[in-house]
Amino acid sequence: MAALFNRKNYKEEEVTDLGLSNKVISLNQRLVNKDGSFNTVRKGLPYHQTFSIYQYLSSISWMKFCAIVFAAYIIINIFFAFLYFIGGEENFVGIKSSNEFERFLNDFFFSTQTFTTVGYGRVNPVGIYSNVISSIESLTGLLSLALATGLLYSRFSRPVAKILYSDNALVAPYKDITALQFRIANKRRDHQMVDVEAEIMFSKVENGQRKFFELKLEYNKIHFFSLTWTVNHPIDENSPLYGLTEEDYRNLNVEFLILLKGFDDTFAQIVHSRSSYKYDEIIWNAKFLNIYSTTDDGKSMIELDKISDYEKVLI
Amino acid sequence: MAALFNRKNYKEEEVTDLGLSNKVISLNQRLVNKDGSFNTVRKGLPYHQTFSIYQYLSSISWMKFCAIVFAAYIIINIFFAFLYFIGGEENFVGIKSSNEFERFLNDFFFSTQTFTTVGYGRVNPVGIYSNVISSIESLTGLLSLALATGLLYSRFSRPVAKILYSDNALVAPYKDITALQFRIANKRRDHQMVDVEAEIMFSKVENGQRKFFELKLEYNKIHFFSLTWTVNHPIDENSPLYGLTEEDYRNLNVEFLILLKGFDDTFAQIVHSRSSYKYDEIIWNAKFLNIYSTTDDGKSMIELDKISDYEKVLI
Amino acid sequence: MAALFNRKNYKEEEVTDLGLSNKVISLNQRLVNKDGSFNTVRKGLPYHQTFSIYQYLSSISWMKFCAIVFAAYIIINIFFAFLYFIGGEENFVGIKSSNEFERFLNDFFFSTQTFTTVGYGRVNPVGIYSNVISSIESLTGLLSLALATGLLYSRFSRPVAKILYSDNALVAPYKDITALQFRIANKRRDHQMVDVEAEIMFSKVENGQRKFFELKLEYNKIHFFSLTWTVNHPIDENSPLYGLTEEDYRNLNVEFLILLKGFDDTFAQIVHSRSSYKYDEIIWNAKFLNIYSTTDDGKSMIELDKISDYEKVLI
Amino acid sequence: MAALFNRKNYKEEEVTDLGLSNKVISLNQRLVNKDGSFNTVRKGLPYHQTFSIYQYLSSISWMKFCAIVFAAYIIINIFFAFLYFIGGEENFVGIKSSNEFERFLNDFFFSTQTFTTVGYGRVNPVGIYSNVISSIESLTGLLSLALATGLLYSRFSRPVAKILYSDNALVAPYKDITALQFRIANKRRDHQMVDVEAEIMFSKVENGQRKFFELKLEYNKIHFFSLTWTVNHPIDENSPLYGLTEEDYRNLNVEFLILLKGFDDTFAQIVHSRSSYKYDEIIWNAKFLNIYSTTDDGKSMIELDKISDYEKVLI
């Protein structure tokens, strides 16, 4: 029992689950995809409990979003057109229809004019029935369009970090030892980021059990993230990576999970980014190449297309 | 006085109140309900000082919210219709009414058309009186609909965590000792949560006095909350639970108050969740069953309907 | 130099300024008002650099806000009416005016109908001039009303804490010593607050120099703020209040500055509150009376009108 | 290896890059401009990956923003006018045009009336073609105006700190030693700021390599930022500035990077500010002049135009 709170042993014996499965599922499957999404499936709850319409409408493509808004617009207006239609022709002035289909079309267009509150007024409701329906429709229109426009703007102004990760993480020479390194940059030119923090979780599989370790970074926070940051975990004797070889990485099905957060000046908000490196994305005995140069007027310049460039080194 | 800042004794002697009553009210009553609301009543302040219309309109059911918006719409339009009505028929062109009630109805529908800015224009204000009223009404309409649509969208996009808690907390074997455990998962499929933190407050009643203790967790934070998290308080000799039996729990009217917070990717914001376990929701000598399995394509799968499943164990 | 970083002496010798003046201005004047505003005046910058129109429109009374919106509405429409007016009568159909003033009025009402996009259409622009102006006006209307409605909603949903402070702070018996205490509650019934933190700054004036000290609290954070919290600074030998008498408080022109922050469930955001107690608001040798009781169905009840109630005690 | 985690040496040997280039580019160029922007250039990514339309529209001048909104309004309406135009005259009632250009103008104005949903209704779509187009246009109008008004309001209510920095940083006498100091104030009169934190990064160039050090502040946080704050780094023997002369500053191409953050009461949000002082903006042996005085009614007053005022002192 004395050893229970000995930090090192404690971690090694970890058995409780921590948000990610410690059961080993498939060695080929990664825990976290390169884009930060998780490789997990949920079952057992009714669909409506797990589904978030807000999340869905926030994350689908613009194409899909516009299609849904447009389809909803059509459907709602068909519904109201139908209500006007069954009210009969005498409920409107200004409609001249030669047949029933044309009358329905006129009702439909009257409905769109009411729904969007454009209200040209050539076609006009007379009588209680059509006036009641159109009063309700114009209110409905304002409220449902508020959802559409709210979502539209929130999609447009969504505070997400766009981080460029190097394709590989390196085991690079660092002082007298080696270090695990990867390089990141802010994709967006003018979104200044400050107070950026990084966390690396190291995952390995031993005896059919997945274990997680948090890696200690040389610096886990930088104040200004204007150019690139080479996130650096020194592999000293306290590191859970200490003594592991390239072969071990493969056998232990190693994966490094990355979590970044920082304050984005433009969004005036904290933004996050996730990614991961699996054992086959680790380059041994290599170091990142310099991607800094200078412009003619003396400013620092980085070439972001070279962010993954490295060279092999002898250790 | 020497013992004053001895942490253990200090806590034990705690008498000042800490947000929750330390007076013992009723042993059957819980402090925090399962849904995170508090069992407290406030008195002594005038109603308008304690009432928050924003909170009210944000938290009522959608049904109620829509009813209130619709009722307000009717009432405001009746008010303006009345103003138009007393202005007399000569203030409008386009109204043909056979009686006073019909004229009021026409005024009402004209009002809704003005309030929603649909403005068909068959009925039209002429003269200063009706023009002034309708100018004010259209502005009023735009401003009050902004409240309604703002609330509507804020309700829709409200950043709340939907956490699934296991029905019971367990006193489970853990290493050489036991631990208090409960299991949580994120209900929503696609709302990724990161940096999730948990806090457990332990409450007991001794000598008619309620006391609170914060429990030290094995991990109080996880970086990725993609599957489940078994929150774990090891009951070692420093724990205020150390040595207590199931019988003691009942006698001390024990309750565990839970506070969770984490960053929700979809809302790009920190979300909270609260819950509690009372002594009769604690299962002794049990451990949670595995709910992980694998899909055919090698992804981790959890069966959320089994989150509360446990089996009794011998200790 | 050895003593430089001796924490206690270091603080005592503090001379650099820290956001609040360390020059002693007037002994009667408090630094922070009861409502949390500061007693400070700024000079020397041009008005437009220090004025924030957003702050102004966010903080004025509702009455004033509505008056400003209404006045702006009138003024903008007079401006556009004037433009229509100089365009001449031939630019519109539907206007029948017997004199110039009536024509201006008609232009004004047409303008309001365009600005709010109600557009009845009895009066209609014909010709390029009036059509161009009205195209611009309807866009202008939509944009400026967006400012008005945005401000309206932001005022309505403004995340501010409504904290009830006890009228006095007490020097109360606490264990074997005394403690400085004040009592707070959340005014709003249904805005649950969690993770509430308190900070007390102690300010005294000695030798014409104001000095600040942060007071160490028994608890500086509570997880649940459902009832009341008696914020408590034990006056032990490490406290800067140690040994001071009521007389000293007066002579040193003592003031306690309070800063509270916590997460408000309804706003899903962190909210702040500030206040202060001056030496003449400190009651010596008193303790707060219990304000807890129980409802018939066993819930905890607090009587908030008694939050300031105390009784004198012998020490 | 023993010295590796000796904090001081460790820092001195820093080689990995930390968000700002450690390659020395040009000694005349500063890393961070006075307004907080960075002197960096990015290359190598396709334009659309680095460009953020949201950031662009949020940060351009109001003049430019309005011009873009207006231009977009014109262009979209020309597009729809063209669609109406090719539909032919028979698609509308109410258009009387003597020539094609006049007809196009009429279509254009009908389009603006539809886009803004003002919909006067003198000109009216008849037939399917023009009704379909105008149904789509009114929806398009509502959605695109939501982007414009959303951006407008977000620009208006943008949570940015307006911090006034002293023109120079001073090396001032402080207790028995000296300290690096600069003075800041909140420009805005009524935006109260609390919990303001400061960080200073010291950058020097040695052997063609740029190095960064974080400077330890006397106080790195103040609770109330009502007047001014003299941010203070004592240059004791642990400081990386210890022993450096004015000459050294120039040779080492010294720059101090400033990062401030605090909670702004009006925005109810954390705001940031960045700036920097280069070696030629450091005044040696000087101290800031008092800028506090008192108003007639006893309030503290600061004269912000004197925030940079200092006097030379003998050391």
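Per-chain residue numbering starts at 1, and chain names A, B, C and D are given in the order in which the chains are listed.
The rule we apply is simple: a residue touches a chain if its C-beta (ideal position, glycine included) is under 8 Å from a C-beta of that chain, and two chains touch if they have at least 3 such contacts.
Model, not experiment: these values are computed from the prediction.
Trainee: Which chains are shared contacts of chain A and chain B?
Mentor: For chain A paired with chain B, the chains in contact with each are C, D, in label order.
Trainee: Is the contact between chain B and chain C built from the same residue numbers on each copy (over half shared) or from different ones (under half shared)?
Mentor: Here the answer is different, because the shared fraction of interface numbers falls below one half.
Trainee: Which of A-D, A-C or B-D has the same interface as A-B, meaning more than half of the contact pairs match by residue number?
Mentor: The A-B interface is reproduced by A-D.
Trainee: Fitting on CA atoms only, what is the rotation between the copies chain A and chain D? Please report it in degrees, nearest 5.
Mentor: That rotation is 90 degrees, given to the nearest 5.
Trainee: CA centre of chain C versus CA centre of chain D: separation in Å?
Mentor: The mean C-alpha positions of chain C and chain D differ by 25 Å.
Trainee: Averaging over Cα atoms per chain, report the distance between chain A and chain C in Å.
Mentor: From the centre of chain A to the centre of chain C is 35 Å.
Trainee: Send over the residues of chain A in touch with two or more other chains.
Mentor: As it turns out, chain A has residues touching two or more other chains at 113, 117-121, 150.
Trainee: Which residues of chain C touch chain D once you look at their complex with the stated criterion?
Mentor: 1, 4-5, 13, 16-21, 23, 25-26, 28-29, 31-32, 36-45, 49-52, 54-56, 58-59, 93, 113-114, 117-121, 124-126, 128, 131, 134-135, 138-139, 141-143, 146-147, 150, 154, 158-160, 199, 201, 214, 257, 259, 261, 269-272, 274
Trainee: Sort out for me which residues of chain D touch chain B in the complex.
Mentor: 117, 119-121
Trainee: Can you list the residues on chain B that touch chain A in the complex?
Mentor: The touching residues are 69-70, 73, 77, 105, 109, 112-113, 116-122, 145, 148-150, 152-153, 156-157, 162, 164, 174-177, 181, 185, 187-192, 194-196, 218-219, 222-230, 232, 234, 236, 263, 265-266, 268, 290, 292, 294-295, 298-306.
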